[in-house]
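Residue numbering begins at 1 within each chain, and the chains themselves are lettered A, B and C in the order written.
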Amino acid sequence: MTKMKFIKKKIKFKTNKQFEINDLTSKAEEIVLNSGIKSGILTVFSLHTSATLAVNEKESCFFKDFEEFASRIVPKEKYYRHNDLNVRTENLVCSPETEECLNGDSHIQHMFIGYPSVTLIIEEGKIILGQWQRIFFIELDQKRDREVLFHIMGE
Amino acid sequence: MTKMKFIKKKIKFKTNKQFEINDLTSKAEEIVLNSGIKSGILTVFSLHTSATLAVNEKESCFFKDFEEFASRIVPKEKYYRHNDLNVRTENLVCSPETEECLNGDSHIQHMFIGYPSVTLIIEEGKIILGQWQRIFFIELDQKRDREVLFHIMGE
Amino acid sequence: MTKMKFIKKKIKFKTNKQFEINDLTSKAEEIVLNSGIKSGILTVFSLHTSATLAVNEKESCFFKDFEEFASRIVPKEKYYRHNDLNVRTENLVCSPETEECLNGDSHIQHMFIGYPSVTLIIEEGKIILGQWQRIFFIELDQKRDREVLFHIMGE
């Protein structure tokens, strides 16, 4: 009888601009390999509210299509109360220089595109993915420091 | 060697109106604390098709931005076959008084915003969340009775 | 003391057209029943980037509303770089006959509607679902061969 293992690994990285897409697939595969876990599930969890995970095809024309789509549905230049320092009073940790919290579009994009967690299946020590599936982290805000958690539960 | 534990807890609550946001974070943290589980995963599951879970920032200006956005993309007053009792014949448990099933906009909003489950990681007996992340239940229908399940698997 | 079990089952099926909805609920229930697992979680995972899972109400008028909505927000006839063989150079496995990869709308629809995994809770050998919840596979592309994985972890 084997024993359940719980492996957790956090990665940190910098993004450069809105709609930048980071492919996390190789990192996820490496973490699963190093864990020694053969059967179980991998939870990928983003710690952010203005960036999201996604699982889709790695194709740069599609990435441009996506950027155009998200900007069309939720334009940056639209009015957002979240950006209006005359009405907003909560969570104001931004400064006029960085404007780090004036990201009304990013939060709305997260609502309609995003989800914080993806669950992947591990079999024979490998993550099961379809032919075109890659695990993405998508920046929906300006350049920022980001963190993603990988958690494996299995034997 | 410890033994895997499975803890399930259902909560019930009433919502008051469309786009009301309930913050479930403290409840989730309390359930994890009471479970005694130190490592594992928490699945939050909404039992509804016209309301959704979300993980985002708790900021009331953003909540208003979101309400405006969702109402703009999926307006209540648009034509929905789901609301047209001349064409619809299935799942008709609504009455003219309550109009409880005439929620075509709510179901569509659920499709483009919603997801039924979120998986969170538990470490050292605590849910791991980013600085701005809170776990929300968002009503997309009129006032209703709602249920959310919390399920913890771990040691 | 019982032992953790890991059950995996892949199903294969053909879809016939964009926006076709397949109800996977009975299949999921059958797999859970056959697994003999009484407590745990079921992960449903779609192996595709131009189709998605969803959990919503099984009502054909709503299905038509959804098709109209998705086609309105992401029209097939719009310009997509992903479909433009003058600019696209990656992942070109389509042929002029099948045009299988000219699915720019499908990928964008997947971004704003889709998610690859759903986690469901199993108690007393049954999947817990709300009164109106059914587990769907939604084709967002043309007719294709599709695969869905079911993974149960529990005792």
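We adopt the following convention: contacts are C-beta pairs under 8 Å (C-beta built on N, C-alpha and C of every residue); 3 or more make two chains touch, one makes a residue touch a chain.
Because the structure is predicted, anything quoted here is derived from the model rather than measured.
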Two copies, subunit A and subunit C, superposed on Cα atoms differ by a rotation in degrees, nearest 5, of 120
For the copies subunit B and subunit C, the interface residues, called same if over half of the numbers are used by both and different if under half, are different
So, in whole Å, the Cα centroid of subunit B is separated from that of subunit C by 20
Listed in rising order, subunit A residues that touch 2 or more other chains are 4, 73, 112, 115, 119, 153
Note: in the complex, subunit C contacts subunit A through residues 3-4, 6, 8, 43, 45-49, 73-74, 80-82, 84, 87-88, 90-91, 104, 107-108, 110-112, 115-117, 119, 147, 149, 151, 153
Seen from subunit A, its contact residues with subunit C in the complex are 1, 4, 39-41, 54-62, 64-66, 69-70, 73, 112-113, 115, 118-121, 123, 128-133, 153-155
